[in-house]
Amino acid sequence: MAQTLIAVVGAGVAEAEGMAQAEVVGQLIASQGWVLICGGLGGVMAAACRGGKLAGGQTIGILPGPDPNAANPWVDIAIATGLGEARNTIIAQAAAGLIAVGGEFGTLSEIAFALKLGKPVIGLGTWQLYRQNKLDRTIQVAQDAEMAVALLKALV
Amino acid sequence: MAQTLIAVVGAGVAEAEGMAQAEVVGQLIASQGWVLICGGLGGVMAAACRGGKLAGGQTIGILPGPDPNAANPWVDIAIATGLGEARNTIIAQAAAGLIAVGGEFGTLSEIAFALKLGKPVIGLGTWQLYRQNKLDRTIQVAQDAEMAVALLKALV
Amino acid sequence: MAQTLIAVVGAGVAEAEGMAQAEVVGQLIASQGWVLICGGLGGVMAAACRGGKLAGGQTIGILPGPDPNAANPWVDIAIATGLGEARNTIIAQAAAGLIAVGGEFGTLSEIAFALKLGKPVIGLGTWQLYRQNKLDRTIQVAQDAEMAVALLKALV
Amino acid sequence: MAQTLIAVVGAGVAEAEGMAQAEVVGQLIASQGWVLICGGLGGVMAAACRGGKLAGGQTIGILPGPDPNAANPWVDIAIATGLGEARNTIIAQAAAGLIAVGGEFGTLSEIAFALKLGKPVIGLGTWQLYRQNKLDRTIQVAQDAEMAVALLKALV
């Protein structure tokens, strides 16, 4: 049976705290025996992949451009799509669940697609979504990397 | 020169107030000489297209499935993509700007893509985005359809 | 009901004969009341659009890049997808049938997708496909633009 | 550095000879230390993956639908895209080179995209492409699986 893919989504440029969290998330994903899937570039994506490799796991990068060498050095399998930002939809579709660490508008698009597709999304310092001034609680909020992975484990 | 495309995004099933707003938005888009682009299905999409046709405008539906006949009756040009929800990225990319009326997670994905691409987004009773408990003000908030189109007109 | 879209596919750089054929094809498509859809760029695409406009028809360009202004001057509705060459699949999916005029490998991809999807494809000096040294006759061969449109008319 | 991905493309339903060839191709790809990428379904795709796993290699399936469990049992990493037939463009883009074994119109679309992108394509009993009654020799023709992999090895 094919392996369980878990996405880590977050900004290509991130601050130290988010980077540290993403690295631990990557380690814990690998420890679960899950394969880490992400956008394959820098920032949170690179930190998560580095964590995954440190813990002996496997990492996949779904790249926007045509060149697999654009992947960060901790990506094992670089899938160059040439689809631009639309590659975000593939990450959300392919993953059994997502952990969002911080993030900008690209991350928000991955969260939104995952929610649309009914995938579990765990947030770690990421977007909060309100409708009519009321918080939408579909994103489950974690306080740290351990809690994020524990919450996701209960859902996939 | 190719015509200016303006997207109306919103849920496929919507309440009366959102439907009424979307219809007026569609009329006003047509009155500006813009072409209305949307996801081509029901709810807010259908209401906006109906408004556009009432005002003598032109409407385009970018459909998720393979069948152009899935478009609502007020779509002039039905583009069946077969790409599923990934068709949302095309709507955001093709439009010069977006007006979001209410909406669910699919609408949020269109908003997020548009923001990622630097397109102006006007919100009419739609998602409010917070980061670190602070409102992100990139979506410009309108109180009614007239204000939504006026805000967008200043930006495209 | 949404209008019937007919695709003209062919190379972005083409010789005089192909250009002349494509222009007549575009005129005849408009005369049928069909909407012309194509890749929106130069060569055969531009010639077909020019023909369509001369005959009072409507033209759509599905562009690979993010900028609608990359469309040729005879495109009415420029849909910038940002999907790169993958936009060829949308042209094949959205059209009720295709007319291929000459063409390179990109054209071949559009033909192949259309055949995969069971759409009628008419060839005008385009690729001939052999399997096991046997000609595959799914592409219907036309001798001129009039015959191409007549063959297609019987099938859509 | 990310690993080298080599695509095997061919029909989802294939005859015994193509299946046997695909299995050997899969084995030889694994023996080269390459990662096998394919459409993830049955027929030639399944045979190639089975060969790859027998030789201790790694296999990736880029699936058209939303469900990773649609992958054949020899796929290690199942990437469910939800993009339908447009997923063929990702296979062509992501691979450093392709080996086409037999195949129908879907395979032809993968070949065409790969040729458009300038990727090496090796044919094993697959489509022959003619223009103006002249064979296009961009597809390199192999007589057996060993020759296919040897030809590709010289090009990637």
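We just call them A, B, C and D in the order they show up, numbering each chain from 1.
Everything below uses one rule, namely that a contact is a pair of C-beta atoms (placed from the backbone, for glycine too) under 8 Å apart; a residue touches a chain by one contact, two chains touch by 3 or more.
Bear in mind that the values here come from a model prediction, so they are computed numbers and not experimental data.
The chain pair A-C and the chain pair A-B differ in C-beta contact count, and the higher one is A-B. Taking each chain's centre as the mean of its C-alpha atoms, subunit A lies 28 Å from subunit B.
The geometric centre of subunit A is 40 Å away from that of subunit C, both derived from CA atoms. Counting partners per residue, subunit D has 66, 82-83, 85-86, 89-90, 93, 117 as the residues that reach two or more other chains.
Contacts between chains leave no pair untouched here, as each chain touches all the others.
On the side of subunit C, the complex with subunit A involves touching residues 66, 82-86. Within the complex formed with subunit A, the subunit B residues making contact are 85-86, 88-90, 93, 104-106, 108-109, 111-113, 115-117, 125-133, 138. Those residues of subunit A that touch subunit D in the shared complex are 1-3, 5, 35, 37, 60-62, 66, 68-69, 71, 73, 75-83, 89-90, 93-94, 96, 117.
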